[in-house]
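Labels run A, B, C and D following the written order; every chain starts at residue 1.
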């Protein structure tokens, strides 16, 4: 028994050295801890984002970084589990990294908002800032808002408003179909709320939640949609739950619009393919044809720089905006101290890649930004994921359109 | 017996470990290490309580995380109630209440599942696990949906006046409960119920004909293991101050199984080894490689094929040889195994990393760093080296393993005489 | 009152009737052997009495009480214990633990998860005594699965009588043993079942006529003769159906 | 009425797909006692292989080649893996297949990447077969029905008319008997395991483009196939068939039902008010929990009848 224990202790110490005892040394870069899933079933998103950040950092660092230093990403695998994300957070604070960034999953997001807030309260000498680039739950900048979180992506409610404003006037009957978990439920809730406010002429002929990731055969949903006489299916489904739905609809010859929120997510266009032509729309933060439509050759060139080396599309403009704003805030603050940077970020105004104005609202730390409602068609300059089909903007929900009230009552730090 | 001081020594090491990695530059503890140690503590409880079913009662359960999770949710709600001043319970007793909630649920589900044994039992637990995981996403009042339920562990109600602001205090609380729960679980193995659980595992029919109802034995064992899993869940809630549906979902049940099996189900302490190893892989190795799941999978399969008694079983097999003082004569044979094993390992890790880098990591703008040096994945050399080392290592190991097997057999035969 | 009574017991497996109306009365303290050709239903009879299978019709009484609807563990608790033709022990427990387990219920420990076994002096002593009785003391801490065949059979008999059951059913306790082993086993059985009601299935005629007070001959699920050894030996039907074929 | 008819058709297609997966698992499970956790992983492998093969030689050759590859993989798994753990008991075998799931999952990710594959229905089958109450019935679904029916027939003939089939049949109900009759049991095991994997691969080929070919497809199919096998019962292909169709139908029909327990209680004069966990549970409509019904049914049937619907012996 003892020999094994000894062996185990050795292994333990060796591993701990590897992971915890990295040399502190002189910091010549500004590190950002990046927490996302890189293994397990949700790794595709994390992997793609990591590539995108690599591309974005080239630009941000070429533009001078911040305080004359370059940014460096330190990735941590959270396996899309809050507990793992919190362990990663500990690792990040151990290494005195002042920023933690996370772009997938509201469950992890909620854990980080809470975890960062508690950490900062308990360790005032080692504070961190949580840069939220993909936890979409509306609550995170409303009921659960926190001073230490800055969200650089539109929340569900903003997307809902964009979604409804983009619905054509001739659509009078819609069917809501969403996944039965937090995200799907808040989409359902916000869509109904804003439908009533903005388009009282639209009748909701069906409103349904379906089990998340469990449905194998969507044809009965299609039959139900058909029976309801809906003109459009408004859905927050993504990945498999969306692809199978659209496939089943096309197979059955159901001729309705699919007004989705997330069809443009990576892998979506590939999986849907021609099935989505003329019926699929999505609410995007950016897509490769936006610069063409807005006639911004710089932005187009930047987007093309990504296309040259990848099969996927560059649509993560808010990531770029986030890092640019962060760099500016650090320069303004003159240090990477979390509190100083946070104060500098508040109410910061900026322009994004295509020159649209964005603003980090002080009351709830939600970035106010535009959204592009786009439809899936052949008739575009740049196709999506080499499918031959691409996104074409139908409607731009401007920053002003999406400046929505918040119920956030933020506790601000004393100093 | 040497094992008399082994347990106190282990506890002492566990107490001292955070101080070994104290960060003198910043005058604070290594938070990551504390988190990992805390995680190990609760995983030790989870794995041991799982082994109450798999190893001790021969029950293959697929819903163990359900009780872990329910303990976590119960604790979060209780902590919130204490924080709001509705409930005067000191922090130190929280895990007990969590355990009771796990017990309650295990009684409910156990009444259903333990009516059957073997595969039917496993399938019922699979169903339970699916039902609970989906329910957790669907019903917000108790489970809080995907975002889970958060709490604050600084409830200012402690038997010892502790605030639990720092990870160190929490770690010591977890350590105390882990030691306590481990002790209790060990005690259980020495009681009539624990012994009859072993007996029904070996031969449930015989158990009937000496007066025991195997179903009742299974039920009690199941309920008690749910109690301990609940304690683990309570510690989870206290550490992370948030519980989401991940705490009761199937992957955690699978983890419990992996930990118990890799550690060794036939020895009481086996799952402890497994829990420590898997947590290291999950939190440690996953920082170095995203392919950690492959390593776990391959290790698991290798264990199933070559060492079904797990790590602890291998160690136990050395017992008689050690007693006879012949352990020294195994050193050289072991050393001869090390070199081909390293070759095999190197080749395997090389190929897995090269492959996964080529398809997944390539375009991330990173350089593949293997064994301390950058590697060009498009050159032939690393592939040739990896494949060669894998094949040569495997062949050589076969030869050496046969030789080792002979020596081992001779030695055990001698010792037996 | 009889120790064990079977009244017109029948058992069907699907359409085939295996036990076709067996009636038996076994007096307390009697040594009763069941003999019969292969497939006569001897082991099935045991399985019905001990509750392993439910009966199709009829009645089984233990010390005057109906047991034919009870599960095996309840029958055992009422004082009936059995061994198996194919050795049935706890393979991965030590010999000592096997015997201790067999003692637990009768000593009132039930499903206790609070009393530590090592502190139960009387229990442990009883197990040691039993170990001594079975002549297995030297093998005390060996896993039961590693014992020799004869030793396993001895252990099985020990576990069967450990609980202090008043009625003991032994299913071919000497099957597969050599002559010396058989003699040894029979001596053991005589010793440990002294004063108990014994019901035994056995093929070895020497053993049967040596041991039994009463012999029942079962052929095709029916009792064709029952009585003291001398009577049964003289019975013409038995000779024709069974013994004749044998000798 | 039209919803019912369409749902029946769709339920049938889905049920047949399930059966194709489950029949192989039933064979393996009944004979070897191994609940093969990796069965759905082979299904996924079938889809991926079909995608790759069909890019070079087209869909129809892939329909043959990919399942055969899966069968060979299955044989390899049996010979070099399962057989070596056989003597350690069923739990060890089960755990072995459990470990395989992790490895196959990651291997697929490493070979084909993490994103869905553009594995599409072949153009020659991409048209509506007939129109029913204004809804198309796609030709590909008809093709799936055809393939699965052919497979059903083929398996049936193989089992009834060939020598190995007879042995397998005997082994299904009396696994110990066959070895005592002097048959080469390991070879029968290998054949059955490979055959089961072949069927799973076939299901993957025609299911991969009906659904999406992605690394998560094994996880989403795995549990439900278990449910079918256990529900149908051990040792009974007929039970497996019935269970597949029932599960297919349930999942398609549950979606159509918008009632909840609360709706059932209302006529009895019970009205639910307030916003508590209980009302939340009771007001969930059946459509929302449709995907859970199979698990509820499995737990129920195992509780009352551990041998499943038409099983010949206890699981």
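The rule is short, and it goes like this: a contact is a pair of C-beta atoms (placed from the backbone, for glycine too) under 8 Å apart; a residue touches a chain by one contact, two chains touch by 3 or more.
Worth saying up front: this structure is predicted, and the values here are computed from it rather than measured.
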Of A-B and B-C, the pair joined by more C-beta contact pairs is A-B
Quick one: point me to the chain whose Cα centre is farthest from that of subunit C. A
Using mean CA coordinates as chain centres, what's the subunit A-subunit B distance in Å? 33
Whole-Å distance, subunit B centre to subunit C centre, using C-alpha means? 44
Which whole number of Å gives the spacing of the CA centres of subunit A and subunit D? 35
Between subunit C and subunit D, what distance separates the C-alpha centroids? Give it in angstrom. 47
I need the residues of subunit D touching at least two other chains; which ones are they? 109, 113-114, 288-289, 291-292
What residues in subunit A touch two or more of the other chains? 43, 47, 180, 211, 214
At least two other chains touched by the same residue of subunit C: list those residues. none
If I apply the definition of touch given earlier, which pairs of chains qualify? A-B, A-D, B-C, B-D
The subunit D residues in contact with subunit B across the complex are 33, 35, 81, 84-85, 88, 90-92, 94-96, 98-103, 105-107, 109-114, 223, 226-227, 230, 275-277, 280-281, 284, 288-289, 291-292, 295-296, 298-299, 302-303, 306, 314-315
Mind pulling up the subunit B residues that touch subunit C in the complex? 187-188, 190-196, 198-199, 201-203, 205-214, 216-217, 220, 224
Please name which positions on subunit A make contact with subunit B in the complex. 1-5, 8-9, 11-12, 15-16, 18-21, 24, 38-40, 43, 47, 50-51, 54-55, 58, 76-77, 79-84, 86-87, 90-91, 93-94, 96, 105-107, 109-111, 114-115, 118, 122-123, 125-126, 137, 139, 180-183, 185, 211-212, 214, 309-310
For the complex, which residues does subunit B have touching subunit A? 2-3, 6, 10, 13, 21, 23, 25-26, 28, 30-36, 39, 134, 137-138, 145-148, 150, 152, 165-167, 236, 240-242, 244-247, 251, 273, 276-277, 280, 282-288, 290-293, 311, 315, 318, 327, 360-361, 363-366
Touching residues (chain side subunit A, partner subunit D) in the complex: 41, 43-44, 47, 180, 208-211, 213-217, 219-224, 226-227, 239-240, 243-244, 247, 251-254, 266-267, 270-271, 273, 387
